[in-house]
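Each of the two complexes below includes subunit A, the first together with subunit B, the second together with subunit C.
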Partner chain A sequence: MKTTSIKSTSMPFTHATRAALGGNDPVSPPQGYWRFAWRHQQGANSVLFEQRAVVVNLGLFGALLVASVIYLSLGSVKVAPTTVLKALVGNADMMATFVVQELRLPRLAAACFTGAAFALAGILMQTLARNRLATPGIIGIDNGATAFAVASIVGIGVSIAPPAMALAGATTAAVLTFGLAAGSGTQGYRFIVAGIGVGAVFGAVTQLLLARVAIDTANAAYPWTVGSLNARPSGALQLLMLGLALGLTTALALARSLTLLRFKDATASGLGVNVKRRRLEVLLLSVALTGLAVAVVGPVGMVGLIGPEIARSLSSSRGVPLLAATLAGALVMVLADLAGRTLLTPIEIPVGIVTAVVGGPWLLWILMRPQRSYT
Partner chain B sequence: MTVPRFATLGVRRASPRTLMMLLLTALVAVSLVSLLIGAGSVGPGRVLALLSGTQDSEAHFIVWELRAPRTLIGILVGMALGVAGALLQAVARNPLAEPGLLGVSAGAAFAVALALVLGASAATLRISVAQLGALVGCVCVLSVARFRGVGNDPIRLVLAGAAFSGLLASLTSLILLYDQRAADEIRFWVIGSFAGRRLDDLLAVLPSMLVASVVVILIARPLAALALGERVASGLGHHPNLIRWLVVACVALLVGAATAIAGPIAFVGLVVPFVARAFAGPDIRRTLWFCLPIGPLIVLAADIISRVVVAPSELPLGVLTALCGAPVLIAVVRARRLPML
Partner chain C sequence: MSHSPSTSMPLSMPSLATQSLGMSYGARLVIEGLNISLPSGQVTAIVGPNGCGKSTLLAGLARLHKPGSGAVLLNGADIQRLPTRQLATQLALLPQEAVAPEGLTVTELIRFGRQPHQGWLRQWSAEDQRVVQHALAAAGLEQLADRPIDALSGGQRQRAWIAMTIAQQTPLLLLDEPTSALDLGHQIEVFELVQHLAHHGRTVVMVLHDLASACRYADHLIAMREGQIVAEGPPATVVTQDLVRTLYQVECTLLTDPDTGSPLLANVRRSSAVS
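Right after this comes the complex of A and B.
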């Protein structure tokens, strides 16, 4: 959501001028915006909200809530939606409370937060690279994180906790991809194919690691290869929640300069953005979010493509729809896992496969379309 | 048609005949090593003793029943994938067109998985089904390549292919999740490996490979003409569309056969023509000849490494080809000017 705040605590916008302009609320907001003005001590403050962004974000949030209730009610044991709501506050019978609170709620939380993190990382990376295909999943960062996390699970060398290793892996892959693309820049398809190559190497490394260990350990690490919400280590989930809270706040604080980063470097720095530094910050943020999310659920990178695409198609092109993308990512992940759990019961389709089946055609469609601007 | 400097590797000064002899010698050596080395306890010493006449039933079984067929399969699959890669690259005019990357192998694998779920048995149907799947994949890829904008940009085609094959791969794993029987039947096949293949499998695909090689020999000349452009080719009396369809059929036959034996193996069709062009220069006919020893060389070397590196278990072959193929992909993409074919 894009907010523009005009804050004047001193002279320029005094009561006198306001009175001269007529009344208490003299400046009507630009078309399509809502303006919230309030007085604080001697100054006048106002915040502009883009109407479309507000509607989109509220809509996505509402959809996420509805999807969550459906998610909690469907499964091998069906719980009526009203009972779900009762169970959430602890007013239902033991069985329903157990199913909802103990079994499905943690999984729902994992789906929401990983989806949000992947999508936020995706839209940050796309904006940074000015390339709508440059999502962490496509340029190999997911695979790098997975390879390192698997290495820590199967106990090769030092076994640091998976989230730390996943962060290290994501960083390594990002350094490789961006390093290899340094000559040709990040726009265009070369960068993406170099990233695919990096991803292929890390994917092979993951297979290599899994082939070296006993079948039981390999089975334990299997969710990591496709992306599944079955394992969802709780420590990693708490880290992800923390990281997502910090990351989302930082990203929203950076929203204004992200909007400017979409322009050419010269334009952006002319408008007062420290381009290099901002890029590095955004890159770090995106890589960290990806690593933390991969540590919970494995490589479900397609969400990083689908979430931002949905957000962009709903929002106006005025800013970078960070919050909308985050919400859309959570929604996509919840729906995908819901489909994976319920479509082919009693078999459970890993969420990574569901998103790949849905996201693949989407990616093809993006590629087939006549070229448009990237972000 | 200029050959970019990086692609020649400075080896073109030697005459093609010398190079060919060197490559063939290397191939014989690698085949021998492939007989000598394995993941199990039968090492080079025991095999050499066996070859010099010692009685060793275990070594006899392992060498002649397991490793010899495996080596032969490696040679044939290497040839098939290498030639298919060179053909596809020539007809798509794209140095990155690779059956594995563009979804042809994934199409074959998907078709086999689908047929298994629909009730076919793995033993009888696999080859023709795989070839059919490869054909469909191939046609999809080339029609995408003719799409406006995509065909002009080699890298964009690869991206579309990667998306396509990723989609097919996840559909395949979806099918395998759904049908436990199918999964058990092809679990080890679907990741790409030569382990446990028998001579019968090889004999079953031999006819289609022979047909494909005859067709390749017949269309090599028109294909070289096609490299000069469609108009030149028709001016020289060839039929560009006919050639294209024949190439598609050949690629489908070869990749389908290779996939039917060994499972989907990516990147071989990229690396082999890349090296072959370095040896042979831009002429497609010579490149195709050089693919014949280079393909088996690379595939056998990868197969041998896959046996040793995690002994006593084995690594899927596709993992190793990806490990050595992805850097080549990156190198080609990073070159300032893509060599246009």
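Right after this comes the complex of A and C.
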């Protein structure tokens, strides 16, 4: 069989094998990549896939599927995994179908999409700041979003839907943090410290708001302020799904120049990246994703740290593992909520507490590990 | 693009010039009313004492900083109006003390030079492959192609970065103190590579803090002091004892290199030490 990718007309996509493997295609992909090339009237097109990234993403996706089936099957009512699959297509008895489709599936979706959004926002912010500690959760954006959303829930005369309020809060916190760190840039500890300060103020605002209202209202709002998938404001999840679809597409479209943001600004700019504009785009994306996710689940920002960290440890250092971080974030959130729901039944541990218990030591480990130059 | 993709060095003769260029950092005016024109296909060195504005000028030429007044003209057009990506096909930049992300290999770094020529549906063409191979060879790095950047010597690392700019295939190359952290042997590696590039049609501009290497390796010298140009021209004609004194407040004896004809600085001493 001939492997000249160009000539074959029967297959629009032809795998261009490496010259070393005996193909007579003159183009061999860079080491560690698969290349697909096809020719059209105007010229030739080619796309590259990093082999390791493909394997990692498929692996994470597979793990997410398995975790999802387990998530749907475990709980106060146990449903066998095979029954879960039947219930999903409506072939199981009414009870199982109700538990899986009506009770657990919406919550699983919320876990997946919030985890994905937090982790994507996290890796975007880390790339922007060239600092692995600079996640939206740590620089105060989660807390800003929470404070604003709580304000609208406990009612201080503002009656805007939580997603809008969370977005406004996330933006406010981002403006404050970047404003306070102005001059010193986003690199270095001053930016992080400014963010921690902003986060602390908004955390206090949230507590103050809760202290001012009737105990029942405060009780109802409390789980959400530590991060819980139990009380999901209506409409927030749909908005998050839309935002995540757009955000992930945009982020992947920017992936090539994000890789260059890992270099110094002068290098990235010299290679044709409009650094200022790209950073602003990345910042807006990260803040919006965080706001939308907080509106659903509250501040579970730890996932924004853990997801990218898992993705980076699995990936090569060639690029920014956006998709892997997104998948890892979803996986972490699903597993954390599964643990929160099932470990201490009938008591349910808010997912924000589970991720904090796991994420705290993780953060310490990152801080104490010999510093690799980030990314 | 006017150049044909079939030649390995598709370089047109570019013209880079400034028109009463003024640049400032914050409130401080660093350079003002600067008019220079860089000779095509030659190595230009910008020299001067610390803080004379030479790096600022380079940043302006590379569009890293926006001019406060005046303009940088590339082939007659204001570079502020060019899309960043298009500029990157005309002008490559090696910033001072460039750092590569950890674990990146030489070839991977060089591949980034192809970025301005690539797109989502043009990620790796036959042209890309050929140009990267060419850049590896031109910089003498074939043996080190798969070595991580952090495992290289200073000179090799700098050659890898220059190879990246070679892969960018720009007619213009700007270097900011490319040899500042290198020992003598490694400096020579870098300078000879830069000279080689100019001989093959590139216009090279480098900021140097060492006047001696500028005399040896530059065809054209721009000497700056306090944001102004003090002298401009071939080293053999513009480098005088007066110039050296004006620039650095030192006295010296000027000799002529018997092999290259370029000026040599000898017996360099502080002005105040002169009796």
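Simple rule for what comes next: the second predicted complex is superposed on the first by the 347 of 375 C-alpha atoms of A that agree within 3 Å, B and C clash if a C-alpha of one lies under 4 Å from a C-alpha of the other, contacts with A are read in each partner's own complex, and residues count from 1 in each chain.
One rule holds for everything that comes next: contacts are C-beta pairs under 8 Å (C-beta built on N, C-alpha and C of every residue); 3 or more make two chains touch, one makes a residue touch a chain.
The model shown is predicted, which means the values in this text are computed figures rather than measured ones.
Partners subunit B and subunit C fit side by side in the overlay (superposition on subunit A). Residue contacts after overlaying the shared chain place A:273 against subunit C, while subunit B stays out of touching range. Once chain A of one complex is fitted onto chain A of the other, the partner contacts of A:231 are absent, as it touches neither subunit B nor subunit C. Of the two partner chains placed around the shared chain by superposition, subunit B is the only one that A:204 touches, whereas subunit C remains out of contact. When both complexes are overlaid on chain A, the residue A:339 reaches neither subunit B nor subunit C.
By the touch criterion defined above, A:133 reaches subunit B but does not reach subunit C. In the superposition on chain A, contact of A:353 is made with subunit B only, not with subunit C. When the shared chain is aligned, no partner comes close enough to touch A:70: not subunit B, not subunit C.
Taking every C-alpha atom of subunit B against every C-alpha atom of subunit C, the smallest gap after superposition is 18 Å.
Here subunit A touches subunit C in the complex through residues 26-31, 33, 35, 44-48, 253, 256, 259-260, 262-267, 269-274, 316-318, 372-373, 375, going by the rule given at the top.
Residues 59, 62-64, 84-89, 91-95, 98-104, 107-108, 111-113, 115-116, 118, 120-126, 129, 146, 165, 168 of subunit C are the ones that touch subunit A when the two sit in their complex.
Interface residues of subunit A facing subunit B in the complex, by the touch rule stated above, are 133, 180-181, 183-184, 188-190, 192-194, 196-198, 200-201, 203-205, 207-208, 211-212, 226, 344, 347, 349-350, 352-353, 356-357, 360-361, 363-364, 367-368, 370-371. For subunit B in complex with subunit A, the residues that touch the partner chain are 96, 144, 147-150, 153, 155-156, 158-160, 162-164, 166-167, 169-171, 173-174, 177-178, 191, 266-267, 309-310, 313-316, 318-320, 322-323, 325-327, 329-330, 333-334, 336.
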